[in-house]
Amino acid sequence: MSARDRILAKLRNAMPAENRPAPDVAGWFAGHRPVEGKAEKAARFRHFIELAHAEVHAVSSANWVQKLWEVLAAREIRRLLLAPGTEHGARAMNQLSQSGIECRAYDRAIEQWKEEMFHYIPAGFTAARAAVAETGTLILWPDDHEPRLMSLVPPVHVVLLDSTRIYNTFFEATQQEGWKDGLPTNALLVSGPSKTADIQVTLAYGAHGPKELVVLLMGEDA
Amino acid sequence: MSEQAKTGQRPADVYFFATCVVDQFFPGAGLDAITLLERAGIRVHFPEEQTCCGQPAYTSGFPDEARKVAAQQLTLFPNDWPVIVPSGSCAGMMKHHYPTLFANDPARKAQAEALSARIHEFTDFLVNVLGWQPEDKGGECTVVLHTSCSARREMGVHLTGRKLLGDLAHVTVAQQDHESECCGFGGTFSIKQPEISGAMVEDKVKSLKATGAERVVSADCGCLMNILGHAAWKDRQEGRAQPSLPGEHIASFLLRRTEERSGK
Amino acid sequence: MNAQPIHFKPSEGFRGRAKAVVDNPFLRQSFRGAMDFLMTKRAAQFPDAEELDSLRTLGEHIRQYNLGKLPDLLVQLEENLARNGIHVHWAETPDEANAIILGICQKHSAKLMVKGKSMVSEEIELNHAAEAAGIGALESDMGEYIVQLAGEKPSHIIMPAIHKTKEEIATLFHEKVPGVDYTDNVDALIQIGRRVLRQKFLEADIGLSGVNFAVAETGTLCLVENEGNGRMCTTAPPVHVAITGIEKIVEKLEHVPPLLSLLTRSATGQNISTYFNMISGPRKPHEKDGPQEVHLVLLDNGRSQAYADDQLRKTLQCIRCGACMNHCPVYTRIGGHAYGTTYPGPIGKIISPHMLGLEATATMATASSLCGACGEVCPVRIPIPELLMRLREESFSAPHENPAMRGQGAGYKPWVTAIWRGWAAVYRSPSLYRLATWLGSRFAWLMPSNQGPWTTVRVPLKPAPKRLRDMLKERG
C-alpha cells in the first residue's frame, strides 16, 4: 500500500458516522453585510486601502493617464512596465512615450529577462479586475498581457481600477463572478504595499514586494 | 434555572454548597455569605454530607476520581431549591462540567443536568435572582476586584461582582491592568509548574497593588489563596509587618459594608 | 537557544527552559509588550460582539463540516489539482515528506531552494534534510530569515523572531551579512533583508511554500501573507513545491472568505493580509511567468491519529492564527522556545503530542492553568482547555490496550494515581472527609513551613482553626 492509500484508509476508518449539514455561508453574509451603493463602496474601499498605506487618486476616464504621468514624475521614474496588448496599456504607452517615459512591455518569458526585471524596472502599471470595499482590496487576475510578476517585482505598482467594479465583500465577488467555475492559474488579492512587522512588531513597508501601491480610482464621485 | 428564578420570584429556601476550600481555609467567607442570604430573608440549608465538587481531580486528568466525588454531591440536594456556591470556579464545575462528567451514566447524567440548572454562583444569585441592592454604611474606600478565570469565562461573574461593588455608594473600584488575566493558581498547575505559576502571581499582585487599592476582593477563594499567599510572602521577604495587599471574599466585604456598625 | 536536533524530547528540560525566561526581566517585558500589542489589535478588529460570535460559530462549522468528509475531500482535491496540472504527493512521516521534496530538488539538479513561511516545513525539519543533501534552503520571510541567520527556530508561528530585539538583529546582520554596517533602524534592516533575498528569488531553482487553505472543488492552493515573499517563492523560481497538513482543506471556495477573515483578524488584527495568493496551476504554455511545475505534498504526521477520536479531532480545526499564543498567560511568560516544539503555545500543547507522541510531550499539557483565554479567542472554537484535560488523562492513566494516542500512559506514576485514589476515597465519603478536615483544623500547626513548590513564592497554607461546619454548629 502507498502512503496515500494508508492515510486514506486510516481516515476512512475514523470518519464520523454522521457529518454536520453544510454551513450556510451565504446566509451569514446576507445577515451581516448590508447591500451598499456604488459611492459608499468606493468610499469604503478607499478608506481601507489608504489605511493600509496605499496612495489613491480619483481620476476620470479622460485624465487618468495624466495622473499616471504625475505619479511617475513625482518619483522621478522614467521607465514603466506596462501591457500594450490591453486597451489601458496601449493608451498609457501612447501618451507616456511622448512625455519622456520609456515604456517596457512584458513581451517574453521571464527566463529571458529575469535580471532586468528584478533590477531595472522601477514601476509596473496594470489594471485591477475588481475590488473589495470592506477590506480595501484589489483583485488581480494576472494573464498573458499582465503576468504575475508585474504586480510584485517592480518597487512601485500603479493600478487602474474602475470604481463600478467594487464589490462589498470578497465573498460577493467570488459568487457574482462565478469563481468556482473558472479560476486563472493565479488569482490575487492585494490590499496595500508589501509590509512586515517581524522586527519588534514595528511596521515597515516594502519587505519583498512593491514598496508603494498607487491606485487610480476611475469614475469615483468626487 | 429553578422555578423560582424562572418566574422571577425570591426563593424561600436555598442550599449552600460551601466548597472544600471555603470549608477548610476560608470558613469566615462561607459564614458571611450565609448571613447575607439570611438577612435577605432566605432560609439557608447546609447539607452536612457535602465535601468537594471534584474539580481538582477533574482538571488534573483523573476524571474517574472526580466522578466518584461528584457522584456524592449529586445526592445532596433533593428539593428543587437553588444551590448557592460561593466560588465561580466550583460553580462552573457543577454547572458546566457535571453533565459531561456523567455523559456515559444516564441516571446520573439526568441528575447532573437537573442540578446544573439550579446552580448559582453567589454574586450571580444576589444580582440576577434576588436583585439585591446593598446599602453602603461604610466610609470611603477603594478596592480592586479579581475574578477567577472560570468564573469569568464560564459564569460571567466579573459582571455581577462589579455590579455589587458599583452599587456601594462609598466604594471606588480600581481598575488593574490585565484584569482578565489568570492569577496563576490553576489548582495543581501551581505545584507542577511553580516557576510559571509564580511569575503569573507575581505579575498579578503587582498589577493589583499598582492600583493603590487598599484591598482586593474576589468571589473565588482559590485565587485568594494564591494572591494573598504571594502578597504575604513578598511582605515577609521585604520585612513588612502590615500586609501590603489585604484581601477577602466579596461576601465578607459586602456584609461588613452593609452592617450597622461598619468600618471599612 | 540553538536549533534543536530532530527527535528532541520537548518534555525534558521544559521547566528549566521556562525558568530561564521567567527569570529574565528583559525577555518577560518584551513578550508582554508584544502580546499586549497583538491582543489590542485583535480586539480592535472585532468591535461587534455578535458578529464575532456568529463568525466564530460559522468558522467552527466550516472546519467541522470539512473534517467530517476529509478523506473524500482529499481525493477530490487530488483529482482537481491533477486536472489543473499540479502534482500531488502523500507523506505519512516527516522523513517521507523530506524524501519527496529532495527528490523533486534532485530531479531538477537544484542548488538553492527559497522558502516562504511554512510551519509544516519546520515540522519536518526540511532545512536540516536539505542541507544534508547539499541543497541550500533559505528562509525568505523576514522573521524566518532572521531566525535562520541566528541559527535559531521560530518562537511564534506568525511572528517567528518576536523574541529578538532590533539591536540583536542589527548586530546579527552586521556580523552575518557581508558589507552591512550596524544599524538598528527597522526600515533600514528590512531593506537589507530585501536586497539580499531579492537576489535569491532571482537565482533560486525551487520555491517552497506552505498552504493556508486548499480548495477541493477548484483545485486551488491559497496562501496568506504580508511581505510578498510567498508570492516570490510561488512565482519566480521554475518549480514551486507546497507542503501542508492533510487537515487544511475545504470543500468549497465559499468556505474561504469567512476563514480568511477570521484568520487575519485573529492573528495580527488586520482586516485582511496584504496578499492573498490563490494558485490553481503552473504556468500555461502561452503565459510568461509562474513556475513550470507545481507540487503539493500532503503530510499526515500524526494528524490521522487525532482524527480518529471525536474529541481529539477538534484539534484539526485549527487555522494557525496564533491568537491562542497571543492571549496565553503562560506563553506570555515563557515565549515560544521554552516549549521545545515546532508549534508553541496552547495549539502546540494540543497538536504536538500527535506528532511526537505523548512520551515526548507529556509535561506540556500540565503547563496550563486552564484559564480558558485560548478557547475564548479561538476563531474556530477549539475547546483547548478541554483537550488539555483529555491529554492529561491520556498521559497519567495506566497504559491500556488500544489507546487513542501514541504514548498513552507515558506520564503514569502508580504513586500519583494512588494519591488521587486516596483523595477520592476521602472526598467521596462524608465521614472520612469530616474526620480528615477535623484533624486538619486541629493540627494546622503541624503544617510544615516548607510546602514544596507552593512556598517558593507563597506563605504556607494552613487550614483555619474552625471549619465552616463547626462555625455553623456553634452559631446554632
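All chains are identified by letter, namely A, B and C, in their written order; residue positions are counted from 1 within each chain.
We take it that contacts are C-beta pairs under 8 Å (C-beta built on N, C-alpha and C of every residue); 3 or more make two chains touch, one makes a residue touch a chain.
This is a predicted model, so every value here is computed, not measured.
**Q** Which chain is most central here if centres come from C-alpha coordinates alone?
**A** C
**Q** Centre to centre, using CA atoms, which chain is the farthest one from subunit A?
**A** B
**Q** If you tally contacts for every chain pair, which pair is highest?
**A** Highest contact count belongs to chains A-C.
**Q** Subunit B to subunit C: how many Å between their CA centres?
**A** That pair's centroid distance is 34 Å.
**Q** Return the distance between the CA-based centres of subunit A and subunit B, expressed in whole Å.
**A** 54
**Q** For subunit B, what residues touch not just one other chain but two or more?
**A** none
**Q** Do you know which subunit A residues sit against two or more other chains?
**A** Correct list: empty.
**Q** Using the touch definition from the top, list the residues of subunit A that touch subunit C in their complex.
**A** Going by the criterion above, the answer is residues 2-4, 6-8, 10-16, 19-23, 25-26, 28-29, 31-32, 48, 52, 106, 108-111, 114-115, 118, 134-137, 143-144, 147-149, 152-153, 169-171, 174-175, 179-180, 183-202, 204, 206-210.
**Q** Considering only the defined contacts, which subunit C positions touch subunit B in the complex?
**A** 15, 18-19, 22, 28, 329-330, 333-334, 365-373, 375-376, 389, 391-397, 417, 420-421, 423-424, 427-430, 433, 437, 440-441, 452-459, 461-464, 466-472, 475
**Q** Quick one: which bits of subunit C touch subunit A in the complex? Just the residue numbers, please.
**A** Residues 34, 37-38, 51, 54-55, 58, 61-62, 64-65, 68-71, 74-75, 84, 90-92, 96, 140-143, 146, 159-162, 164-166, 169, 186-187, 189-191, 193-194, 197-199, 201-202, 217-218, 220, 226-229, 231-232, 235-236, 238, 246, 252-258, 260-261, 268, 271-284, 286-290, 298, 300, 304, 307-310, 313.
**Q** Inside the complex, what are the residues of subunit B that reach subunit C?
**A** Per the stated touch rule, the residues are 18, 20, 22-28, 30-31, 34, 46, 48-52, 54, 56-66, 68-69, 71-72, 149-150, 153-154, 180-182, 184-202, 225-226, 229-230, 232-233, 236.
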